[in-house]
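In what comes next, chain A is part of two complexes: it sits with chain B in the first one and with chain C in the second one.
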Partner chain A sequence: MRRYFGRKLLTYGLTFFLAVTIDWLIPRFMPGNPVSSMVARAQVRPEIAERLVDYYNQLYGFNESIITQYFNFWKSLFQGDLGTSIFVFGQPVTNVIMDALPYTLGLLLPAILLSWVAGNKFGAFAARSKYLDNTLLPVGYVLTATPYMWLGIILGWSLGLKFGWFPISGAYSFSLRPALSWKFITDALLHWFLPFFSLFLVMFGGWAIGMRNMIIYELEADYSHYLEALGAPRKLIRKYAFRNAVLPQLTGLALQLGVIVAGALVTEIVFGYPGLGLLVLNSIQNQDYFLLQGIFLFIIAGVLIANFLIDVAYVLVDPRTRIGMTGGTA
Partner chain B sequence: MSRSKTSREPISDAALPVGIADAERGAAEAAILVKPTVGKKKSEILYFALHNPKLLVGGSVVLLFLILTFVGPLLTHYGPFEYGAGPTNGPPSARNWFGTTTFGQDVFAQFVGGLGSTFAVAIVGGGLATLIGMIVGFTAGYRGGLVDEILNMLTNIVLVIPTLAVLLIIAAYLEVRGILWEALFIGFTSWPWAARAIRAQTFSLRNRDFVDLARLSGVRSHKIIFTEIAPNMSSYLFMTFILMFGGAILIAATLDFIGLGPTNTASLGLMMNTAVLWSAMHLGYWWWFVPPGAAITLIVGGLYIMNVGLDEVFNPKLREF
Partner chain C sequence: MKKRSVSIVLALFLVLALFAAACTDDDATEETTTTAAPAPGETTTTAAPPTTIAEPVGEYPRDETLYTSGTQWGPPGSWNPLVTWGYATGTVNFVYETLFIYDPFTDEYIPWLAESGEWSSPTQYDLTLRQGITWTDGEDFNADDVVFTFELGQRYPSVQWAPMWDWLSSVEAVDDYHVTFTFDDPLYQEWGNFLYSRPMVAEHLWADLSEDEVVNGVNENPIGTGPYMYETYDQDRMVWVKNENWWGIDALGLDPAPKYIVDIVNGSNNIALGLVLQGGLDLSNNFLPGVATLVSGGYGVVTYFPEAPFMISANTAWLVTNNIKPPMDDPAFRKALATAIDVDTIVSVVYGNIVAKANPTGLLAVWDQYVDQALVDQLGFSYSTEDAIAMLAAAGYVDVDGDGYVDNLDGSPIALELIVPNGWTDWMESIRVISDGAKAAGINIEPAFPDYGARTEVLQDGTFDLAIANDAQLSNTPWTYYDWIFQDPIQDQMTNGNFGRYENQAAFDLVVDLDKTPTDDTAAMAAIISDLQEIFLTDLPIIPLWYNGLWAQYSDAVWVGWPGSGADQNHYLPATWRGYWNMTGILMLCDLELRPAE
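After this line comes the complex of A and B, so read on.
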């Protein structure tokens, strides 16, 4: 087990190091001087602009050598200092991101967990049942083939605009302020539902199909046939097949995380939901590279933490990893 | 012909019966035994292919869009970004089959142009991803040991790194970006999945008797990979390519949607991008955003369903009677 985690941690360490380095490169390797172009966009008087350039150069340490800059970046990273945003004027990047993060997590976590559990259950249920296999599984394939933002647009247009059941922009009504009142909570939930549901549906299709295919392989495995020959009840064989099939699904979750996060980002853009995705779009449009840099650091950290949690779950589910055999391909 | 191992990858164990490929490549010892049945096996696979509804339905949907890509441009008089192709925000009409955008551009022209770039990105990007995945997967799976460890770590790193960050740097350098660079980018970042799948499959093949035999007779490693291992998982490789092809379409749509796609051509993702930016969803201009996403869904869904069909054709265990 120590070997398993040791190797995992080494991979994560290397990944984090590489990702942070790439992230550090973003503003530095932009064509032209990012600071002066940012200041130019702020449209202030020349003498103030000059001082701003000086200020920012000092702030980001652009007048030092590249190596020192790189080490300083790591140093301030560990102090939780990600610089100052341009788009949200004068705010520290960390604050801007912290404001948006709850919305993204509030969408992603329920969507991932619920779709994974529901998709696996449904896929296992549909496998080898001729009727479901031929009617509902094509639906699953179409769902998993749907681009996240398109399903969002379609749901927003149909359920939001045509039927008027759900609001389709923002996280809560403009007339309300965040508070712990019933009115605000129901309003926020209504705004939350469509982005959540479109993420949920796309992922659900993928998990259901993955599980269905896996169960079919497991039911054809020797141990299933053996149990069958012994006269074990169908339900028991299915239970064993399900347990074995869950392992690759767990690996699949780890593999899919990047795609899922990208899906959440574009879904937020569709619904104007004020999470990290909308922030990414805004910082691209406003060329706010420091904010962008900060967002990606959060995404990297989030994906790595999620990967680690999945590894822990794998150890809990798969006894082989516990006694030192490297089980599965996680 | 029967296989004892059950692999855990989604589309696995679907290899051709061991022997067909050997016979074709002229590996003497297998050839004598298997040759008489080669013709029969081929036609058997063709028989199941033509009688598999999943393969036929999925394949025809993809084919239909492929035809539309080539025929479509002949059916429209407008360029994808040409202004004044019709009224602004016009619903579908005889003049503009799919209606017009807020700028009076013809949606059908954009749609057909977008289909073209979609297939181009998918072929190049998906092909490149499969190729890199094959190189890494074969090497890691066949060599094992330290090489495997290193390649595995590389695969996992590329898998986790947020590729958007890399893309932003490239996007900032290139003022005008074409389809090719997007395809290359997708190819160089989406191979890890293919590499893992191929590695696992190679792993299960590398200790088979026929591979041992080749190794004993002094055949070089790369030759063993390409004449003994690869042919025995050719169906698996083909299905991996189809999955990479579909995946490239979805990634390209996401990139185009956040404005990091090609700047000089129409694309389906870009159509959805402009539709959302100009509030087509809030104003109910459905003809603007329904076609691009529907096309992506149908093409990728068709590819996936086709893949299930192929899996059933190649793997007798999965066939339903």
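After this line comes the complex of A and C, so read on.
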């Protein structure tokens, strides 16, 4: 058990290091210079422009060599300091991200978990059932092949504009301020629904298709036929098949996380939902290195932690992993 | 058994997820409520507590709330009036006020925190402050605060008005309400600009701040003297609440009607448009393509002018030529290029008539009195492809290699790139028109759309060929316009002006002379500006194209009394942009009234 997790942790550590290094590097390849565009926006007299450029270069550490900047970055990272944002001028990057993170998590977690659970259940239910299978298969394929953004636009247009059931932008009405009241909660939920639903639908299609195929595969396996020959009830056979089929789906979830996060960021932009997605867009446009790398750092950490949890879950749900770890053979 | 463990894990995940979501939501709620109560400790010190802070409300009633948009591009993050490019909409003029307000239509400085100000000698300016003004924490606003604000520029070299101390020698408080400024070499135009554009800060709160805090601090819970106070903010909005004890209610008889102002962070155009149409946004300062059709179509969308150009002109869009690169270094080529551009098509087709064609001098309509028409008639340019072809031929630009385009004087081919930031759709369309016009006259210009950062970098480095820029805003004096065009000295990085690196000492000297001319001596100003126009029109260091509008569309569904060109309307600027509230934007706000119930 310890060896298993030790190895896993080492892999995660290495991945984290590489991902963060790339994350630090990429913004710096962007053309343009954040300090001089900022000073340009300040529209100051030329006498002071040069002074300000020097001042901010020093403040942000851009006057150091690129290698020193890199080491400084790691040093402050271990002190929990992600630097100061240029776009949201003067605010520590951690503050900016913490303000936006709840919105992104509030969309992502329910969408991922509910779609995974519902997709698997429904896929298993639909497999080998003639009518459902005939409808699920095409619908599922269409859903899972839909770009998140496109489905978002369609939903916004139809449910939002045409029928007017849901607001199409923002996290809650501009006339409200957060409070523990029914009015605020319903308003926030209404605003939350469309971005959530467009994420949910796309993922749901994928999981349902995957599960349906896995179940059919498992039902063809020797153990199923054996159980059948023994006269076991159909329900029991499907139960066993489901448990075996869930394992690859779990791995699939781990693999899909990165894609899902990217999809969520785009969905947020479509619905003007004030999470990390809009911030990513703005920080790219304003060459805000610190904010951009800060956000991606959070995403990297989030995806790695989720993967780790899935690894743990895998051990719990698959006895073979456990036996393998303690040295036995299955 | 096994089955159950799967469900348990899943259930745990779900609970964890919901818990995490719930926690973070709670945090958000808590945070906004704590930051919203404006510094409870600080408000209790005075005999007459000026600010009775209402309990944070859960909902802003529609008939007490003004919704604005168009300034803020990201989450509000700074309430520091010195961060002129990034403070939350309204930080200056809602909270921090200026000594004067400037009305560009009447060329009038309206006393604000100051009661009056005058030059008592050519090198001394006497300022009298209004009495009875208090900061929202209860302290009196007086001469010490003014002296302190000016001296910040002396104390800290990275404060934006530090260069002022090259020509200002001292600022002294005579008594609590009188301040005397003594100058070595007064720059009257710049001084006039300063009087209405720089906000005053409180000495008792700012005196102990370090340079970094003064220049970069976010200044949460801003304490000012103005008509509104910080209420709350979130990722997509900034909310201000009225200061019921604002001095202006008594002293000026101005009483802003909206109790709350919610400034909405800019989203996409269609979101802004949708909000305006539904009456959810009262004043939008976003650029909304095609808004002209909405104004004439009876959608309840109102602009300053009921017909073209619909918007007040706010700045001049130029074609910036890189004057150190051939062939743009040849004035004859630049004039031929200017003649080849069909600005009327840009105005009518690209903009749908919401902008106006620029005068060849590029001077905004409010500066019409300074336009030397005789010079414009003699040296100006107007669109004509034939003329452009003739001018090119006369200057020696002929097609040597037979590719259909003229070539450089040394025979090498001309292939120029005209750039605008990617995503700025109106400019992108405009440069296609420019490119077509230039090609028709035989100049090979290709449009290109680099990313904003990349575009700005080549402009500042001087490595571009041609670009569009509109950096000189409406102000109290054409000096700011010419100071931008003839910015001196030419540095490695030109951050704010003269991207084309035009060098002409005579013009630079004239700009300084203009700066040294008193703002009320319009005759002397006109004489210098006429000389500048002569240089400008002869050399054409930059090509004026059209006047970008002060984009403003408003709805009178809830609030009425908006500015307009009509005789029965006020002529204030309907603007929320930074640097525009103090050009009568704040008066516009004070003139709004609730639509009477029908």
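Rule of thumb we're sticking to: the second predicted complex is superposed on the first by the 296 of 330 C-alpha atoms of A that agree within 3 Å, B and C clash if a C-alpha of one lies under 4 Å from a C-alpha of the other, contacts with A are read in each partner's own complex, and residues count from 1 in each chain.
Here, a residue touches a chain if its C-beta (ideal position, glycine included) is under 8 Å from a C-beta of that chain, and two chains touch if they have at least 3 such contacts.
Being a predicted model, the structure only gives us computed values, none of them experimental.
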item: Touched partner set for A:A19, first chain B, second chain C, both or neither; value: first
item: Partner chain in contact with A:S65 - chain B first, chain C second, else both or neither; value: neither
item: Contacts of A:K239 with chain B and chain C, given as first, second, both or neither; value: second
item: First (chain B), second (chain C), both or neither touched by A:S169; value: both
item: First (chain B), second (chain C), both or neither touched by A:V117; value: second
item: Partner chain in contact with A:L109 - chain B first, chain C second, else both or neither; value: second
item: Chain B versus chain C as contact partner of A:Q79, first or second or both or neither; value: neither
item: Intersection of the chain A residues that touch chain B with those that touch chain C; value: 30-31, 168-169, 285
item: Touching residues on chain C, where the partner in the complex is chain A; value: 2-3, 5-6, 9-10, 13-14, 17-18, 20-21, 24-25, 27-29, 31-33, 36, 56-62, 65, 67, 73-75, 77-78, 80, 83-86, 157-158, 160, 162-163, 166, 212, 215-218, 232, 234-237, 239, 262, 264-265, 267-268, 271, 274, 280, 450-457, 460, 471, 473, 487-489, 491, 493-497
item: Interfacial residue positions of chain B with respect to chain A in the complex; value: 4, 6-13, 153, 156-157, 159-166, 168-169, 172-173, 193, 196, 200, 246, 250, 253-254, 257-260, 269, 272, 275-276, 281-282, 284, 286, 289-290, 292-294, 296-301, 303-305, 308, 317-318, 320
item: Sites on chain A touched by chain B in the complex; value: 10-12, 14-15, 18-19, 22-23, 25-26, 29-31, 130, 138, 141-142, 144-151, 153-154, 156-157, 160-162, 168-169, 209-210, 213-214, 216-218, 220-222, 247-248, 255, 257-259, 261-263, 265-266, 269-270, 280-281, 284-285, 292, 296, 299-300, 303-304, 307, 328-329
item: Parts of chain A lying in touch with chain C, wherever the complex brings them together; value: 30-34, 36-53, 55, 59, 84-85, 87-91, 96, 98-103, 105-106, 109-110, 113, 117, 168-171, 174-181, 183-184, 239, 243, 246, 272, 274-275, 278-279, 282, 285-287, 309, 313, 316-317, 319
